[in-house]
Structures are given as C-alpha cells and as structure tokens.
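What follows is a pair of complexes built around chain A, which joins chain B in one and chain C in the other.
Moving on to the complex of A and B:
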C-alpha cells in the first residue's frame, strides 16, 4: 500500500479493495492484543485509560459507585452483540427459570425468521450452533464454558450473527412502528441489509431496543460520554428490571457487574 | 482454511447443486482442482439483456474468515457493463463489500450477479468509461455489450455486429494486431474509427 505522503487520490480508480484489505489488517492488529471477551477485572485499567481526560473522571467515579467489576469486550464493531450475548448467557448460569423461558423463545425464533424470508439453509446453521451453545449452559453450568464459547472466534461470531438476524427479523416484522426511527429515507429492509446484518457494523439505540424487545431480555446501559453531569442510564425496555448491565464509552460497549 | 469456512462451503456446494437454478442451467459452481478455497462459477446472461445467452465464468476465492467476510469474486469472461471492469473483471456490488452478511451464500452471490446484469447501477460504477456510455449513449452501450457477449461469451450473433466487425478489420489493416485492444478502443470511443485509432497510438 502507498504511504500517505505519496498518495494522490484518483477519482477514476476504485479503492474498495484496498479499503477492505486495510480494514482486515486493523482487525488483525486488534485481535492480536485483546480477547473477544476479557476476564472480570476491577476499574484500575479504566482509570488509566482516561487519566488525562477530565471529562470522563466524574463519570468513572459514578461507575465505581454503582458497580464493582467490569469485563472488556473486543472492539470490533460487534461489541454490543457480543457483550449482550455473553452477559446474558452468564446470567443464565444462576437462573434456571429464565433459561427455560429463553430456550423456548430461541427455539421458536428459527421458524419465525424463515417465514420472514431468510435463507433456510444458512439460518438453520446459525440457529443450530446458537442452540447447541445455549444448551451447554444447562449441562455444564460453568462460567469457564461460557467464556470458552465466546472466546472461540468461530462459535462466538456465529452467536453474534444469530443475534443480528433476530434484530433484523424483529425490525422487519415491526416495520410500521420502527420506520420512524430511520433517517435518510431508507426502507427497513435496506437498513437491515446495511446496518444490522453485516458483521462489524456498530449498534445504535434501535438495535438495542429491538434485541431487548425480541428476546424479552432487559438490559441497562450506562452512558459514559463527554457531556456534563452524572453518568446517564437507560433501561431497555423501560420500566423493567435489568438482568444485564453494559457500559457505553463512545463507540464501544463493555459489561458491568454489581458484584 | 478454517474448519467453519470449510464445513460451510461444503454444505453450500450441496445446496447449490440441488438448486432449481442449476437444474435450469442458470448457474454452475465447481471447485478449481479439488480445492474448496478456490472455486469456479458460471452464470448465464439473463433474458432481455445484451448478455442474453452468454456464458460467464467467475473466479471465486473463499477467505479464511468466510462466512463472516465475503468471497472474492471477479469475472474471468470479459464483459461490457458499468459495474464490472472491462479490463480486470473486478465487480462493484454492495454484497461483495460492506453489505455482505454471513447468512448469504454463494448461490445468493451468483443470483445477485445475474440481477446486476439485468439492472446496472451506473451511478456506482466500476468502469467509468462504460458507465458514461451507458448514460450518454444507451443504444451504443447495448449493442457494444451484446457484441462483447458474442465475442467473449458465446452469445448469439446479430446483424448490427457486421458493422462493428468491419471497423475492427479496418483497424487491423492499419497495423493494430491485438484483437482485444482493438475491441476496447472502439468500444471506449463509441465505435468512432478515428478516435479509436488515436486511442491506440502510443
């Protein structure tokens, strides 16, 4: 690839290929230094990350008052889905009733998605892996097992894909209501093709609302942004009691723990 | 190749072979030398397009990270189309780039390429020369595209091609011996003999 200084943009040329190659290189670099799902840790490294950033100091204090530990998720554009999936699977270890409820929803989701027109053969593939990993929770009951599932690149990404498909299916099924959230005159189908289904595409409010609604899983997100004031929390869906907690820093999600 | 990619490709293979499109000879897929990371695809030019009846061979490379990243696909058969490079066969199609999703398959890709042949997107071109002609001289674009289909993809011949062949012959008599360069020059210059000649001169 050319060095930046020697680079002259040529409008006739197509740079897509080079853009993709460069993205893959950046991904590899990140993959080399960070687990997909890291260990539970205290906030020392978070302090260090923002020690020169006054805007965040107050927010970090708030985080520390409300939570005891956190877990870092690899920054690869899939962090919301991976954080949500891991935190929820982890929470199921101690909650057999919730496990039964979700297992039932997950089982039924396949036919629903096929009805919505997703290709049956690939959908079955992702669904099968998802169910297989979910069912391990019941038989293994160990956090090591969940960590293994989510740190095995292929399996972990299969789960991310299936969660993305659930979001896409939910949004398309409820297009009438969610259409008003979209900007740029896109149809819901276009939005899902461009912003939901492709791997590595970052998540916004609409993804979070859709995933929590579709699965009936309640999530609280604490937003660490540059704004003044305290750490702001949102619960999805509103007025319910969260079973998982995520920390949002601009462009990224990690998992928070009260204990 | 990772295990996930290999298992998936093998399953996709069976899927494509059983599909209706294969039965109707619309698409074809086979490995290059028994190697699932490098495949050869074939699509038939769709009806009511300049490519009708042409046979187009595709080079398909499966990345290590498949199906989370798209396959790399290019045309091996030369084609005159705004979204496909007339020189390299490189393709500009959203699902082969940032809109690829892991739920898609090689069958999806082949059918999307057929759809692209029916409905070009000149505002998002791969080949700027072809795209300009497509917009400014749609008639010339259509007859040029079907001429390329006849010459390179075994599509049927029609009357209009006599005129083009005549011009190609004239260029040859002027000493331009390389056939592909002559076709490219005349096609790029809207079959203006004088302009094509200047294009070919060093």
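Moving on to the complex of A and C:
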C-alpha cells in the first residue's frame, strides 16, 4: 500500500482487497506479541491498562475484591471460546467425576452433529483433535500440558472450532426457542453460518447461553463496563454454581481465578 | 497446522474422487503439493455457458480449513462475479467480516465445515445465476443487466474458446 501521506482516495477504485490484507497484517502483529493463553498474573497490568480511566478503575477494584488472579487470552475474535475451553479443561484437572461426565457428552456430540446435518468428513478432524486433547487430561494431569495444548495454534484453533460447532448444533436443534433472540430477520441456519461457525467471529450472550446449556458447564461472567455501580455478574445457566469465571471488558474475555 | 490442512485436503480429494459432483473435476496438481489444485467446471446446462469446460486453480492457505482457499479461472470468462484477472468473487470464499463487495446478509459464508465441493457447487450456481449486486467485473454486470444478448454472445465466445474451437 502507498504511504498515508501520498494516499489519494479514488471513489472508482475498490479498496476492499487491500483492507483485508491490512487486517491480516494487524492480526499477525497481535499474534506476535500475545500468547493465545497467557500466564496467571495479578492485576497490576490491568491497573496500568486503565490508569487514566476512572470508571474502569472502580470496576477493577471490584474485580480485586472478588478474585486473586487472572489470565489474558489473545484478542482474536475467538477469546470467549478459547477462555471457556482453557478454563474448563484446567478445572477438570482437579475434578475426575466432572471429567467423566463431560467426556461422555463430548463423545456423543459428534453423532448428534451428524444427525443435525453436519458433513461427517469435515466434522471428524475437529472432533478427533478435541477428544485427543481432552483425554490427555486424564493421563497427563498437568497444567503445563493444558497450556501447551491451548498455545499450540493449530490444536488450540481446532478446539475452538469444535466448541463453535457444538454451539451451532445446539442453536439449530433448539431453533424454535432461540429464533426470537436473532435480529435482522436472519434464519438460525444463516446466523450459525455467519456468526457462530467461522473463526474470529465474536461471541454474544446467545453463544454463551448455548455453550453452557449444550455442555452442562456453568460459567460466571463479570462485566466490566462504564456503567455506574458495582461490577455486574451473570451466571449461565442461571441459579447454578459456576465452575469457571470469565472477565468481560468491552469486546474481550479473559479468565478469572478466586485463588 | 499445515499437517492438519494436508490431512483434510487428502480426505476431500478422496471424497471428490469417490462421489464426483456432476460437471466438476478437481484435485491437486501433483500429489507432492496438496495446496495447489486444478479444477474443471462444465458450464451448466440451459445457460449461456453450456458446453464450456472452464479450467481454474484453487490455492489453499496453510491454515485451511480455518481460512478459505482462493479460486481463479485460468481461462477468459466474462462474468459479473469473476474479476477480469480470473479471480472468483463469491460469498462462500470469504469469512464474514471480509466483505470485499458487501454480500447480502443471507449469503453463505466460509466456515471450517464448508468444503471444496461446496465451493465448486456454488461456482456452478454462480455461472448459472450471476449476481449483479456485488460485481467483481462491473462491465460484465452492466452488460448482464442492460444487454443480455451481448452478454450471451460473449459467454458463447468463452465457451468456444474453452474448447479450443
């Protein structure tokens, strides 16, 4: 691309291809300076990030009262799925009963998705990788192993894809109920094709509800926003006891830890 | 990552060989390099492209199927959704958010469960039903809209050329 100073906009020209190339370059830059899943840390860097922002600093105080540590997740549009996946796999290290319950659900999920019309041969790779990495928890039982899985780009992304497919399958199966949450007159199939299945599409409430319902995993999200008052928390599904905690800052999810 | 892509592309090639969709032949240029494919697309029956056999190249990224391939016809094709240099511009070749020409909100997008077969079938539909709303070749779109007879003549010329007549 030309340098900004020499740039003259030409209305006749289509800049979309160049825009896409530039977006890819920005993504590469982000990838170069941030782990997919970062180390557990205290809130010092969070304070620094928002040091000139009074509204957020107050919310960070609330966060500190409720949690001890957090883990940053790369901001690539997949952060909700990656944070959810990692935090849950990590929680399974200490919970063999829950591991068995989930292993059974994950095993059966493939046939359910095929019944819903997902093509078997495009689904298989993602399911295989997902099961292989899940099963490592039982044999390996180390946080280093889970970190390695989620920081290996290919493996990590395949897990994200499979979680996305679980959400897509759940929403299509329960279309009658969830259809009313969609705006813009899209069908559930269109919504899933455009907002759930593709990598990099950000998650909304509907993705979170669907993933927690489909997997029976309870997640609490603490919302940091500019609003007055205290930090607001939502538990999905309502009235259950969370096994993982996520921090939401506008457009992004990280993982929170009570200890 | 590239290993996963090769595994998937091998599976897709096998699938396309065992159950070839009508009017489509596709596979890797040579079995050493699964990231470059050649495809032959027959012009759909009952359209002005009928009888043509149009060669194209598909180029897959290292992170396929997380990202879509690019497709380029290597023959002359005057069509609203094909750039003058042969690149195919349809919604399934783009993830949502990558919006070169502002596709309709209902348009099918790339996601990791799509496949080469789905792309090629979409390309056949595109030949049969050009979309002049999101034109990659503005002249072809204008011609399709305003002078259908001339468009059909140019299409037939592409057909003859594709058969080396």
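Definition applied: the second predicted complex is superposed on the first by the 244 of 259 C-alpha atoms of A that agree within 3 Å, B and C clash if a C-alpha of one lies under 4 Å from a C-alpha of the other, contacts with A are read in each partner's own complex, and residues count from 1 in each chain.
What we mean here is this: a contact is a pair of C-beta atoms (placed from the backbone, for glycine too) under 8 Å apart; a residue touches a chain by one contact, two chains touch by 3 or more.
Owing to the predicted nature of the structure, the values given are computational and were not obtained by experimental measurement.
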Fit or clash between chain C and chain B when superposed on chain A: clash
Broader residue contact with chain A after superposition on the shared chain, chain B or chain C: C
First (chain B), second (chain C), both or neither touched by A:186: second
First, second, both or neither for A:53, with chain B first and chain C second: neither
Chain B versus chain C as contact partner of A:204, first or second or both or neither: neither
Partner chain in contact with A:122 - chain B first, chain C second, else both or neither: both
First, second, both or neither for A:17, with chain B first and chain C second: both
Contacts on chain A seen with chain B and repeated with chain C across the two complexes: 14, 16-17, 20, 118-119, 121-123, 125-126, 154, 157-158, 161, 165, 193-194, 197-199
Residues on chain A engaged by chain B in the complex (per definition of touch): 12, 14, 16-17, 20, 24, 118-119, 121-123, 125-126, 154, 157-158, 161, 164-165, 193-194, 197-199
For the chain B and chain A complex, residues of the former touching the latter: 2-4, 8, 11-12, 15, 65, 67-69, 85, 90, 92, 94, 97-105, 108, 126, 128
Complex contact set, residues of chain A against chain C: 14, 16-17, 20, 23, 118-119, 121-126, 129, 153-154, 157-158, 161, 165, 184, 186-187, 190, 193-195, 197-201
Footprint of chain A on chain C - complex, ascending: 1, 3-4, 7-8, 11-12, 15, 63, 65-67, 95-101, 105-106, 108-115
